[in-house]
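In this document, chain identifiers A, B, C and D correspond to the written order of the chains, with residue numbering beginning at 1 in each.
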C-alpha cells in the first residue's frame, strides 16, 4: 500500500522497491552508514556487524527457501557448513582465490542440498524438513568419517586469509568489507528473485500447489529451485565464514544453528526479504547486547554472579520467540506493514 | 549365531522405544497434520519431571510416576492452549514453524526450571537383564517394549474401534469434514497434545531408567523421525512394526558395520533409511493413501 | 615560567622516587566462559576459581611485582560464531595480555588470528590431537586426553601384573570431533605399543546412549580388561549400568570432564562407581589433605572462592595459575611496566612452571615450540573409588610418548 | 450470441476441428465409478456447458481434462495430442486453463501478482536473470505487466489491482481467478462451477464477463455449472452427466426437453 498521494505513473515505478524520494534517501543513507560503519564504531561492533552480514546471507537464503517457497529447512547450517568446507578445500588445497572459492562453495552447498532435496520436493507436504535433518546428521558423519586428507576429519581445516591484488584481507575491517560486498550483492539478488517470476512462483507453490500446476508452473521444479537457491545462499555464507574465522570445524554447523536461523526468519516475518534482515538484526542484537552488557552487569552487581546474569539470556530469547509465536506468528515485518498501512489510512481502519 | 540373534532382539527393543517416541509424534500429526519438532524436548521435560518428583522430592514411585504423567498431561494441554489453539485457521506451515520456535523455548524453560546439571534418573525397571540361553536382554527395554506394544495396540484399538477415537480419526482425515460432522477439532487437537506429552514421558521413563537425564536426551526425538516416516505418520499399529524394522537394521549395522569402517554409521543409519523411504515410498508402509481432490 | 617548570620537575622527581613502592601497572585477562551453553553447569566453579586465583595473585605476588591483573568475563555459549564476534571487542576494549578459554570453540575461532593479535590463550582442558601444531598460541596445561588415558593404561597394566597386552575397549561418540580425537589418539597409542596394549574395539554410541548392555557384553567377550569412557557422564552411567546388569566388575576409566564426582552425581551415588578410575594431569579434588587442597582452602577463606572443591574448580585453577605464573615470569624478565601478550607467550615457552608454583595442581609445565601442551615430563594423577570413598590411587604417573595422529 | 447450435458427432468433426476431445473415458475410485464411458468433444469457438446433479462426475471430468486425475480407460486429446499421463503443468502449458470451484487463488498476493502468475508460462527469464534483476528480468516484467493491465481493464479491476486477494469479496476473487486463467492465453478455458456461492448480481456480472471474454478472445469455454438458468443463457451446447455417464447432449432447448435429463434432475429433487 502506497502512501496517500503516491500513484504509480509507470510500471517501473510501480515495480520498484523504492517508490518515494524519502525511501530512496533512507536507502542511500543506510548504504553509506554500512560503508563507513567500521570507521565509526569499535572493533566489537564491527565484528558483530560482520557476523550479522554472514548470518544475513544465510538467513535470506532460508527465507527464499522457507518463507517464499514454503519448504521448511532444518539443515541450513549443514549447507552453510558444506559451503564453508568446499571453500576451505578449494582455497587451501587447490589455491583458488576467494572470489572463485566462495561462489563455488555456494554451488557445492547447492549440490549437496540437491541430493537431499530431490527426494522430498516430489512429495506433497513438509517432508523436506525430514531430509534436511538427515542432511544435518549426514554432513556431520561424512566430515568426520571421510578420509582425513579430504576434509580434515575431526581436525578441521584452516585456510589462509583472502587476498585481492596482493592486499591481504585479514583485519577486522577488511573482512567486514569483504562480507559487506557479498551480503549486498546477495541481498540485492534476493530482492531481484523475490520480485521476479521465480519469486512469484515460489509463493504460488507455497500457497496453493494445485492452482500453481494449473498455471503451468512445474511444482516440483519450483520447489527444488527454491531449495537450491536457499542452500546456495547458505554456501555463500559458509564461504564467508571460512574466510572470517579461517578455520572450519564440523561443530560450527550444528542442528541448533539451523534452528536459530529458522527462529530469525520467524521473528522477522515469513515471506519477506526485509523480514529476514530484521530477524537477524533483532535476534543478534538481543543476544549480543546481553553478552556485551553481561560483564558490566556482573561487575556492578557482583553478588548475582555471571551464571545467573547470563542464564537469563536463554529465558529472554525464548520469551521473545514465544511472544512472536503467540502474538505475531507472521513476524515483525507483518506488524510493520500493518502499522504503516493503518497510519496511511488513518482515520480509517483498514 | 546367538550373537546375531542378540543384536536383532536388542535392536528390535530399541526400535520399539523409538516407536513409542514416534507414537507421540504421530498422535499429534494425525490430529493437526503438524510435525512436532519439539518432541525430543517433551521427552526431556518428562524425564526431568520424573527426576524431580522421585529423586529430588523423594516421592515413592507409585505416587511420583502417576504425578509425573499428570504433570506431562497438563504441560501438553498448556502448550496446545497457549500456542496451537490460537493458530486455528492458520496454515499447517505456520504451525510447524511454531513447533520449531517451541523447541528453543522449551530448552530455555527446562534450563531455568531444572538447571543445567546432568541429573540421575531413578531406576524404574530392575537392572538385571533377562537372560534366555546365550541371549541377554536389558530389562528396561524388555519391559518397555512390552509396554510399548500394549500401548500401541491399545491406542490403535482406541482410534479405530471406540467412538471418541473414531471421531478423532475423522478429524485426522479431514478437518472440514470433521467440523461438518459436528466434531470439535480443537478438543481433538488438545487431546492429541496431552497424549503426545504423556507418551513422551513414558518414553523418557523407559529410555532413561537408571541412567541420567540432561538435554542430550532430546536427540531421541530426531531418532524417532525415521520410524514415524516408515509408518507413514498415520498408523499407530504400523509404527510398532516400523520401529522394530528400523531398530533391527540399526542394531545390526552398529554391530557389524561400525567396527569395519571405524566410525559411527549406525547412528546415522536411521536417517539413511529415511532418505531411502522418501525416494521409494513416501507414504510409508501403512500410510493412508488418499487421492488429492481438487 | 621558570618557577613553574622547576615545580613540575620537582613533582615528577617525587613521583618517580615513589614509584617503585606504589606504582602498579594494571593488565587485563579475558575470561571466556560458557554460562548459557552446554557447559553452564560447571561454569560457576570453574569461573569462580579463576577469579579467586587472580585475587590471590594480585595480593600475594603481583603487589610485590608491581603488577595488578583485572579479569573480565565473556559468555560465548560454547559457540565459535559467538567467540568470533566477541573477540575483536575484547581485544580493543580490554587489550588483554592473556586469555582463558573453555574448549574447542575458543581454540577453533581464535587460533587463526591469535598470532597477529599477540595474545596467548590458555585452555582449561587437556590437549587434543587436532591442536597439535607447532608454534602454538593456544596452550593446554595438560597433555592430551589420549596421553592421559595411555598413562593410566600403562600404570594399570603394571599394577595388575598383566603379562602380554592389556585389553582395552574405548567408548566414544561422533557427537563431537573432540571425542573422535581422543579415540584416534588411543588408536595411535595402541598401534605403537602392540605388545602392551590391545585396543579391542572403539564403540561409537549416541551422546545419551539408549542401552549399552550388548556393546559392553561384546567387548567383555573380547576380553576387555579396562573400559575407557572419556566422552561424557551419560556414557559413563550407561556403561556402568550395563556392567551392573551383566554383573561384571571391569574398571571404567574416566577423564576430567566426566570424572568420578560428576559421574557419581549423574548416576546417583558414588557407591555405584566402586573400583572405577579417573585419570588426568592435575590435582584430584579428593578429601585428602594435599598441598593443592590447602591452597584451595586459603582461596576460600581469604580470596572469595565460590566454587566447591571439584574438578571444574581445579580446571579453573590450573589454567589460571599457568597464566598467572607466565605473567609473573614475563614481568620479572621485562619489568612490570612492559608486559605484553607476546612477552607472556615468550615466558610460557622459555620458563618451566614448577609444580610448586601451581601448588601441585599441575606437574612441572614445560612448553616447547612443537606442541601446545607439555610433551615431556608431564605426569597424571589417578583417582579411584575405594570403599565408597574417592581417593588418589597413584600420584605423579609419567605420561608416555605418543606420535602425532 | 451465437444462436445456432453446433451439431455434434462426425459431421461436426469434419467441419470444425475439435480442440478437446474425450473418447470413452472411465475413472474409478476404489469400487466407485466416477466416470463411465464419457465421450465429449469441444470445438473451437464454442461454449459447452456440462451439467448434472451432484456427484454426476462433472468435476471428475474437469480433473481428467486438466491432468489431476488419470482416467483408467479411454483417451483424451487436446489440440491434437494425448494428455493421458501428462502432468498438470504440462497440460496447462499446452494451452489448457481452468478456474476452480471454490477458491484456489493465491490469497496472500495482490490482484496484479495473481494475474502475473497466469503469465508464468510466457516468461523466460532464468533465476540468474532474476538475481541480476536489471536487464532481462525487469524488461520481461514490464512487458508482461502490459498484458496483465489489459486483462485488468477487460475485467474492470483497475480499482483493486493492488489489493491482496485475501481481502476481496467472493465475486471479485472469482474475477481474479478468471483473469488469471485468461492471462495464460489458453486455447481452451474450463470453468468449474464459477457461479457457485454467488448472489444474483455477482452471477450476472460474471456471466457478462464470460461473454465478453468469448467475444474478445474467441476462446472455447467448457462451463461446469449447477445453475440451469445460467447455462441456458450462455451455452451453445449442453452435455448432461448423471452417475458418471453422459445421458444427453444438445442445444439448451433440446436438453431441457429431454426426458432423461428431467428424470435425473427431478430424481435429485426428490432424493
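Quick note on the criterion: a contact is a pair of C-beta atoms (placed from the backbone, for glycine too) under 8 Å apart; a residue touches a chain by one contact, two chains touch by 3 or more.
Quick caveat: nothing in here was measured; it's all calculated off a predicted structure.
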Separation of subunit B from subunit C in touching-chain steps, minimised, is 1
Starting from the defined contact criterion, work out which chains touch subunit B and subunit D both, please.
A
Centrality ranking, top chain (CA atoms only):
A
By mean C-alpha coordinates, which chain is most distant from subunit A?
D
In whole angstrom, how far does the Cα centroid of subunit C sit from the Cα centroid of subunit D?
75
Chain centre separation (subunit A, subunit B; CA means) in Å
32
Rounded to the nearest Å, the gap separating the Cα centres of subunit A and subunit D is 42
Using mean CA coordinates as chain centres, what's the subunit A-subunit C distance in Å?
36
Check: subunit A positions touching at least 2 other chains come out as 140-141, 144-145, 210, 311, 314
Residues in subunit D with touches to at least two other chains are numbered 68, 100, 104
Sequence positions of subunit C contacting 2 or more other chains:
40, 174
Under the stated contact criterion, what part of subunit D meets subunit A in this complex?
66-68, 87-89, 92-93, 97-98, 100, 104-109, 113, 116-121, 123, 125, 127, 129-133, 137-138, 140-142, 145-146, 162, 180, 184
If we count contacts the way the header does, which residues on subunit C are in touch with subunit B in the complex?
38, 40-41, 173-174, 201-211, 213-215, 217-218, 232-234, 237-238, 241-242, 244-247, 262, 265-269
Counting only contacts in the complex, subunit C reaches subunit A at residues 33, 35-36, 40, 43-44, 47, 72-76, 80-82, 84-93, 104-105, 108-109, 111-113, 116, 129-130, 174, 176-178, 180-181, 184, 306
Quick one: in the complex, what on subunit A touches subunit D?
1-2, 11-12, 14-15, 188-189, 191-193, 195-201, 203-204, 207-208, 210-219, 225, 229, 271
List the residues on subunit B that touch subunit A in their complex, please.
35, 37, 82-83, 86-87, 90, 92-94, 96-98, 100-109, 111-112, 222, 225, 229, 261, 263-265, 267-268, 271-272, 274-275, 278-279, 282, 292, 294
